[in-house]
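Naming follows writing order (A, B, C and D), and every chain is counted from residue 1.
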Amino acid sequence: MLHRETVIENRPLAPGSDLYRLVLKGAVAATAQPGQFVHLQVGVATDPLLRRPISIAGSDRAKGEVTLFYRVAGRGTALLTRVRAEESLSVIGPVGKGFTVPAAGELLLVAGGIGLFPLLALAAAVDRSRVKVKVLWGGENRSFLETVGRATLFPLGMDYAVATLDGSMGHRGMVTDLLRAELSAELFRKGETGPQNVAGMAAVAGGGRGGQRVIAAAACGPKGMLQAVTGLLLHAGVPVEVSLEERMACGVGACLGCACTVRTADGALARKRVCRDGPVFDGKEVVWVDQD
Amino acid sequence: MTKIDLTTRLGSLQLKNPVLTASGTYGFGEEYKAFYDPSLLGAITVKGITPLPRRGNPAPRVAETPSGMLNAVGLENPGLEAFLATHLPKLEKLNTPVIVNISGFSLDDYRLLAASMPEDSCIAALEVNISCPNIKGGGLAFGTDPRSAEEVLKITRRHTRLPLIAKLSPNVTDIVVMAKAVENGGADIISLINTLLGMRIDLKTGRPVLGNIMGGLSGPAVLPVAVRMVYQVYQAVKLPIIGMGGISSWQDAVEFMLAGAAAVGVGTANFVNPMAPLEILRGLETYCREQGYGAVREIVGLAHR
Amino acid sequence: MTKIDLTTRLGSLQLKNPVLTASGTYGFGEEYKAFYDPSLLGAITVKGITPLPRRGNPAPRVAETPSGMLNAVGLENPGLEAFLATHLPKLEKLNTPVIVNISGFSLDDYRLLAASMPEDSCIAALEVNISCPNIKGGGLAFGTDPRSAEEVLKITRRHTRLPLIAKLSPNVTDIVVMAKAVENGGADIISLINTLLGMRIDLKTGRPVLGNIMGGLSGPAVLPVAVRMVYQVYQAVKLPIIGMGGISSWQDAVEFMLAGAAAVGVGTANFVNPMAPLEILRGLETYCREQGYGAVREIVGLAHR
Amino acid sequence: MLHRETVIENRPLAPGSDLYRLVLKGAVAATAQPGQFVHLQVGVATDPLLRRPISIAGSDRAKGEVTLFYRVAGRGTALLTRVRAEESLSVIGPVGKGFTVPAAGELLLVAGGIGLFPLLALAAAVDRSRVKVKVLWGGENRSFLETVGRATLFPLGMDYAVATLDGSMGHRGMVTDLLRAELSAELFRKGETGPQNVAGMAAVAGGGRGGQRVIAAAACGPKGMLQAVTGLLLHAGVPVEVSLEERMACGVGACLGCACTVRTADGALARKRVCRDGPVFDGKEVVWVDQD
């Protein structure tokens, strides 16, 4: 589970962008499951000290390669950009419990910002001749969505809809708006009056069909967005798996640093380790506001 | 190649080698099995156990600091009953001596924990964590008041025949006073250091990073403080010392042993390099061979010459 | 661009901005003149002065540690007489408020130092370093015993009208007890932290690296401990705080101010980046502007909301 | 005094060697004096924290370049090897008090190992039409001396003699043997019986001339060697300047971390700062065994 992987590529998605694609060749690809991540050593000295978790966005078993995407968020990811092709990186992985891969029906992937990355692995894992995949994706602005989308989602020929906070691309608003439109049929059946302040959204999102569907959903993004998305989906009767983020130390379940709170089947609160029990959890067990 | 004698005697506790893991950084020994066989180590120390299960502190529980990390896990653990029923049987299968870290919030807690640990299992010793607040004694940590520390050791001593390791907190004016107190209380071994109390503030929110506000600082950053305390305690008390605090390499381990540690604990380094304990063990062996020592215990305390 | 009010009031000490240098890291203000004009800073703090000249400790005096350094300079300084005759006139020409760090080994030392510092010079305040051993009082540092600390402040207070900054040592069980002691003793301001006691052992020689065996740990490694102490002291006493310990960037400075520091001291960072104090000052200004604060003093203690 | 200098070259002296040449372009060259050094930032994070002092081995004012040589001794210098040409380094310098450059007579340069580096700058600074320079250089073995010598001393066409501990090159023994032979005339006058256990060394070292000479000397190397060399030279009546090494923090005189002990003119002991009052000191004032 501890490997030295060779760096095949480590480059910004566009000139000057703070979003990078990192391709690693080694043992991780052989067993990687969608939703799992790797825990990367970013430096050689003791500062920054800890490894950094990055989702596996794609894997090619034949070539033995995994593809990761990362955004330069601070010192650790900044150091990571300095690693050159042909150098090697110390990698723990693949780690964590990933997504359930549906065998049939429809799969809704709901992403906020860089939350798209782990969902890409799930999208690649489903048999698209049997599963209808649709991606709902929110981001800050066009520049972000285009930079990332061109390198990832857009060429996949998958159904998708986007929203931006500033309206510079797709729907002006949040990904929850897209989701509400997408689920309008289900929500209607549940007695919700349908999308508010998103007039015409059903069309935008391409949803709103009348017939009963077998949908599953998977979501990743900022916590607030995940909470809203999960709420909507569960309300609409759609099961959802969410990929959580938490600050990590060990990444393998030993330190209890990455706790989240879940409500177990018997209604009691319990802590789970995001790194080992997750990062993917059943949306209905997650307790969003952490309790003492 | 000459064979180096790696065995270590810590009072009545005889270990095959001096490299241990530090409590709270190695779970219950399961997680690192994917990397190597834990029975290669001298012993493994498990997460602190309290009488009742604890959910611990809300997130975030860890924060990075320069060459270190803060943790505020809040002693999350399954509690005594589940430990005995679920974890101990699994530990038994690891085929390695286990040190159980016991943590209490009252003298009664310590008494109960000591009395409940079987003396005929894989449990090789109890490590008495005195860094927790003494709830009945006004909330001050047992580990910062010599009299409370002595009492904790005394009561624990009365309820078990297992070797007792007193784990000292570095957040004190005079570590030697604390070492003498636990020696008087009947400790067989001293381990140090636990974490330094620290905190960070998140510039984005303007609030403390940790859910618990303050947390324990560990990792390479604290190494010079830990080496100093091992050196001081070695001069002042006769008990064998398990040194820890920032040990990441065999060089660090040698530093601790020269300062007076008869064994070393590897904590935060596990998170960075899961193979660290094994690499340290091999490095110690090579060091002894190259320096002409036949047994690793020969280097203990040499810096005091 | 809105102009940000950078002025800082520390009790009776009014400074044009909150960025100071830490004692012992800035010589007598001469060395960093080659890099920038020291009068751009809020004040500069000079090396600890003792009544008589001191040659200090033998080499090596410094050692590197993970994200930190140890120093055992041993209070080398020209002594009171030479300071007044040679250094003070030069400091006068820097055109900036000077904080003189005074260090004693007896109450008499502190009395003499306080009484001898002119009240009408560039000296803006005295920083009372209580981390030295009290030779007549059994060798324990003044700074680890609340009663001695209070006495040092009292005697100093009686012999000068200059604002008094009490500089606290972090090597104590409870920093709040020490802060209250110096408040009772009559301190106007509290500065913290001084260095943590640490040591390293040289693998090549098998002996402690430092000529003095132990030394003071400073630099980024100690930042979380320092922030925690500032936070605790801010909650417990009313005196304004000068925060220091590992500050290397404006982000670090903001952390200290949110925790409760009304001004910050830059120490070890000078060695790494001589421009650090100025860069921190500019960063603080930009931060306030971007966050919509009109005055830097508005952010002091915000983490306690 | 704080500069960002551009890295022109940063390469091992021979394939696989731990000895590197580093050429920097910037403001330092303009004012560099022989014996001065630069204080280099080797990393970007806080570990390793401190700068590293490296002697200026040569400077080309016209090109604005200084040349440094360093040996990989630990983590700091190891990190330094990773810096690539065209990147820039943060440099404090030139710092320190350098060597006196003699205007005429003979100049003896006595080097132990990498102590050669600062002496190269002095050798380059003297007017060789008026000053006769001779280098005495001791090293561990042939491999070290050849690797360094080929890149530095040997092509200069300067008179030199070498000694190796293992006898693999030049005289088998210490540089002090070479020096004793070189100074045999002076030592003889002072009543020393001449070189012992270095039969024939006078010839090897090319010294042993009878006439009175005006010699000055400069030395750099390990402390024990410097002490012995200084003792011999002073005994022979030859003034010597020595370049000392001490662990440094600030490098500019502010922290008092790099203390050495000297005996002042009035016989009292005093501390000096190696970084600012030195690194070059008059041999006769240095107190070799540090006093409390």
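For this structure, a couple of remarks:
By definition in this document, contacts are C-beta pairs under 8 Å (C-beta built on N, C-alpha and C of every residue); 3 or more make two chains touch, one makes a residue touch a chain.
On a predicted model such as this, the values are computed, not experimentally measured, just so you know.
Across A-C and A-B, the chain pair carrying more C-beta contacts is A-B. As a whole-number value, the distance joining the C-alpha centres of chain A and chain C reads 47 Å.
With centres set at the average Cα position, the gap from chain C to chain D is 37 Å. We define each chain's centre as the mean of its Cα atoms; on that basis chain A and chain D are separated by 58 Å. Each of the following residues of chain A touches two or more other chains: 46-48. Counting only residues that touch two or more partner chains, chain C has 65-68, 219-221.
Arrangement of the chains shown, judged by which pairs touch: all-to-all, with no pair of chains left without contact.
The residues of chain D lying in touch with chain A in their complex are 43-48, 75, 79.
Those residues of chain B that touch chain A in the complex are listed here as 24-27, 30-32, 34-35, 47, 55-69, 71, 73, 76, 211, 219-221, 248, 268, 270-275.
Chain B contributes residues 66-67, 220 to its touches with chain D in the complex. Taken in their complex, chain C has these residues touching chain B: 65-68, 70, 144, 171-174, 196-201, 203, 206-208, 213-214, 217, 219-225, 227-228, 231, 246, 251, 254-255, 258-259, 302-303, 305.
Considering their complex, residues 46-47 of chain A touch chain C.
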